[in-house]
Amino acid sequence: MGLAERTPPSAEEYAGWRKEFCNWGRWGADDELGTLNFVTPAVRAAAAASVRSGRTVGLARPIDTFAGPANPYPAHHFVACEESGGMLDYIGLFIHGFTQTHIDALCHLQTHDGRFWNDKPVGSQHMPAEHSGTIDFWSQGVVGRGVLYDIPRLRGAEHIEPGHPVMGWELSDAAEAQGVEPRAGDIVMIRSGHGRYFELHPDESPRFASPSGVHAGAVEFLYRTDAAVLCWDWQDAPTDQQGIPNPASHPVPLHVHHILIPYMGMPIIDNADLEALAVACAEEGRWEFQFVCAPLVIPRGTGSPVNPLAIF
Amino acid sequence: MGLAERTPPSAEEYAGWRKEFCNWGRWGADDELGTLNFVTPAVRAAAAASVRSGRTVGLARPIDTFAGPANPYPAHHFVACEESGGMLDYIGLFIHGFTQTHIDALCHLQTHDGRFWNDKPVGSQHMPAEHSGTIDFWSQGVVGRGVLYDIPRLRGAEHIEPGHPVMGWELSDAAEAQGVEPRAGDIVMIRSGHGRYFELHPDESPRFASPSGVHAGAVEFLYRTDAAVLCWDWQDAPTDQQGIPNPASHPVPLHVHHILIPYMGMPIIDNADLEALAVACAEEGRWEFQFVCAPLVIPRGTGSPVNPLAIF
Amino acid sequence: MGLAERTPPSAEEYAGWRKEFCNWGRWGADDELGTLNFVTPAVRAAAAASVRSGRTVGLARPIDTFAGPANPYPAHHFVACEESGGMLDYIGLFIHGFTQTHIDALCHLQTHDGRFWNDKPVGSQHMPAEHSGTIDFWSQGVVGRGVLYDIPRLRGAEHIEPGHPVMGWELSDAAEAQGVEPRAGDIVMIRSGHGRYFELHPDESPRFASPSGVHAGAVEFLYRTDAAVLCWDWQDAPTDQQGIPNPASHPVPLHVHHILIPYMGMPIIDNADLEALAVACAEEGRWEFQFVCAPLVIPRGTGSPVNPLAIF
Amino acid sequence: MGLAERTPPSAEEYAGWRKEFCNWGRWGADDELGTLNFVTPAVRAAAAASVRSGRTVGLARPIDTFAGPANPYPAHHFVACEESGGMLDYIGLFIHGFTQTHIDALCHLQTHDGRFWNDKPVGSQHMPAEHSGTIDFWSQGVVGRGVLYDIPRLRGAEHIEPGHPVMGWELSDAAEAQGVEPRAGDIVMIRSGHGRYFELHPDESPRFASPSGVHAGAVEFLYRTDAAVLCWDWQDAPTDQQGIPNPASHPVPLHVHHILIPYMGMPIIDNADLEALAVACAEEGRWEFQFVCAPLVIPRGTGSPVNPLAIF
């Protein structure tokens, strides 16, 4: 079934999305933008024109250098020891994971038969074999209209509950409740309430997983609305909340990532902090704003740490 | 003398700027924004409103992992070896230097008597002793009006010549020639022509220095126009082109950095790539645009790698 | 009480060891060897002369790059990504912890009133303020007679049991049972049975702690026998097994480390793998051998990863 | 021609060594020791028995964290910034190059037709495709008889001169002059005089090369004497001093490395500091001693930083 029926996709329907929502070749065999193609200059101009108060909200978590179950390979903030060589402080981090706010490039994940976006080959160590699908092709930044889909607010809750992932049709509901019309080229920002959840559950510490998150059904919404980018605070809902097997042979659930990155060609910004944004939207009385995100230009990188901004 | 007389500052006048252009306490003893205070919401709103075509230009150089005289401590783009632990690729870099595009926080440099911005103490290894003046206070980003001061264009040249640094009054000249009125809160972007210079001098390779750059006199322009941020492709002009001794006991010339960072409280974005921006400004017919730069939120960091954007 | 009475030290006796077992000044105010002074050329010659079969046993664990509770800050084995700068593979690691085999230099830990070995000052970030007590002073290596104190063998067990740490008098017992006479300059190697323990407890995974380990009483044995170095597979027994409060304000128990490193000036080699050595000793029929350990020459380092060798 | 005739090999003879000095299969298809096979327990026992005074000499250079032409990818000695996660100091380095003292594993270099030692496949980024030829197979250490071939002493000079590399027959000459008989399993240590050279040429700084070094002809000596390991302070002599083209398509000369590592299966310890050893040998009146070198156990590493020791 689907969004209109307010039912989640079956495992078969989901598997069919590998074809149905596949954008390979849509923008040419050498396309490096994927759904960023929906962000036209006109879209960017309109987003800038929507700015009213000039209020800005940063959407990144602080870089986390502390080890923990959610942060097994912590970032590094180093300074050279006394009488050693170097130039003040050094920052180092694995781009991906459940902790650092980062954007995934299109070479980040493979299809189920081992290819990258637009049918490019996979190299060793899961890195791209060719210089394609990498983050440096987005050196001009991601600039457009951001829309916050505040699902806890929709549900009248502080955060979504484990066991109750964000369903695809709730995105339409949220848009309606927030007075926003989804448009082609949108940066769709789904708030589950990560920050609020751990504030209210101080005895629970983050694990290398999202306690809950977004159901695979959101993929259909993203495809049908010609969204350009997905940005979220919690990632793919746990497999046992999906009703669909994990599409990738991976301990981490990847139901949404799996269709978006290698098939649909849609960038994903993981681990955003959307708490201040939710407050700002409520105060500003609108859930759409100019969105700006500029990846570092890492040649052949599979992504980049980022600090996306919302500008009202 | 000064800008109006089209004369460079003498060594004594320059030394006097440590008092005359000092903003300590101007915004309170615990201020963490420095001249970013000039970027009000109204300034940000106006900058967004100036967007017309939606064209964006990235201003960062690619992260450079190759060793060389200009890049003695190269960045790292690593992947874990086969059968080793990690999470795909890792990016690591010293924030500062002459290669990576980065923004300096206000704790980056000391006054001549060993204090940081707003009279804060210096710790070991030249790092801040307190959690002040660090990059994480700018998590909300730097968003405002960018103005490109294209000095080679002003001079009718491809790039500035070694021996002929950018003088303070040339900034006024460039503004006039480009039909731009300097405003409070501007991100002042000074193009010397780094990219074009090395294109035309292929046998010369970059050293740990700028062949030429900006003269100390630019400091007066920045102060008097209530600029918020300096962004440039070449840094402080060599000391023998300044006519003023290097104010810091440092092999690298720091005439502009030295007043801006610890005294004036003005952030500096180093090593920008302004070539594409110069072309875009000429094509768009204007040298002002929306400017967005979002530092990574590095707790207690002295700066951050960045990819600033210009939006037309 | 003490070793002779086969009783553990009381908290007061232990505290008294800060004076009683303190070697400050014993070898001069600028000594950098501590108890390595007991390893004379004659000791080294005798150890070499004890070699019979030429059998060698490596005593290091493989460098561990995988995150886990026992390895919160994993080592790195990286290679530069395709088309990036570098020189084949890179190895990086925090020296200390519960995973990598390493030797502690004398500046590794402080006295309870904040000084390093031989009354040297502590700098920022717990690093030495002066170039003293650091690993580079041991560039000539640690070469001497190693003696394995196989406590599980003494107890007729596979490994020591949690709750039953290695007591000081058991070292004398083990020496006797193994037909070895402790001598000045010995490298005392205490086997708790880390490897065997986790082999037999596959469902238990290592934590950032030793399930059991060595009781503070071992300190007296080390002092009275003029030992030169301590080498072990499990570290200080948990505080609740010591009957003495943790002498350092640290979550990790440090009862043995605390007297040895800053007061007695005795190097400690942590996280050794003594399983193969125990087997070799049993096969060779002797528990003494030539011991060789060469720290990397890390200027101002607090220690070094090492792969110590036993030569029969 | 050859050693007996005191003539260097021609380019053709050198090329023929790829077959003539190839040890593939000599110790089995899955051999991981190469010429370390010559170091039998008896050899090790004899070496230990040769120890007389107990004097030890460390043979490693200090880890170098300072950038320079000889050290383009410097090592790192870091400590975590204040309020950041980590565990005291961190040491990181690229294993290879011209600066850090390290041992090459047998997978370090390829044959001219792209295979590793014992016909193993090459993977991506020049790393081994299989877990073979890697440093972790030498976890038991390299222990045997070291022999210093002090060529400057032979020549009555402070160091060898650029333009006058160490020729193969000079190794026989040095052995004779030093009263040493080459034996199977020897660790052959060739001193060119790196330390003394730069002491006497303070205005010259090391480059990413050896000013002079060892001629390809030394390969024949190593093969015919059944040497186990090569250890040296300067590496392969510059190509223009060899009279033989560089066998590998590499800017760095590799005439000796190229036959030893992938064909002969001989480990090489690069960048040793042999100055103190030369002095010790002269004082002790002998140029043979017990040699001990223990690589870190880096799973799948292509080598390891080491601090080899000579024990008299």
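In this document, chain identifiers A, B, C and D correspond to the written order of the chains, with residue numbering beginning at 1 in each.
Basically, a residue touches a chain if its C-beta (ideal position, glycine included) is under 8 Å from a C-beta of that chain, and two chains touch if they have at least 3 such contacts.
All of these numbers come straight from a predicted model, not from anything done at the bench.
Compared on C-beta pairs in contact, B-D and A-D come out with A-D as the pair having more.
In a homomeric contact, the two copies may use the same or different surfaces; for chain B and chain C, over half of the interface residue numbers are shared, pointing to the same surface. We define each chain's centre as the mean of its Cα atoms; on that basis chain C and chain D are separated by 31 Å.
Chain B and chain C have centres, each the mean of its CA atoms, that are 50 Å apart. The geometric centre of chain A is 50 Å away from that of chain D, both derived from CA atoms.
Multi-chain contact residues, meaning those touching two or more other chains, occur in chain B at positions 65, 67, 73-74, 76-77, 79-82, 84-86, 89-90, 123-125, 127, 299-301.
Arrangement of the chains shown, judged by which pairs touch: all-to-all, with no pair of chains left without contact.
Residues of chain B touching chain C in their complex: 64-67, 74, 76-81, 84-86, 89-90, 123-125. Residues 67-68, 72-74, 81-84, 123, 127, 131, 299-301 of chain D touch chain B in their complex. Against chain C, in their complex, chain D makes its touches with residues 40-49, 51-58, 60-63, 65, 73, 76-77, 79-80, 82, 85-97, 108, 124-127, 136, 139-141, 143, 290, 292-309, 311.
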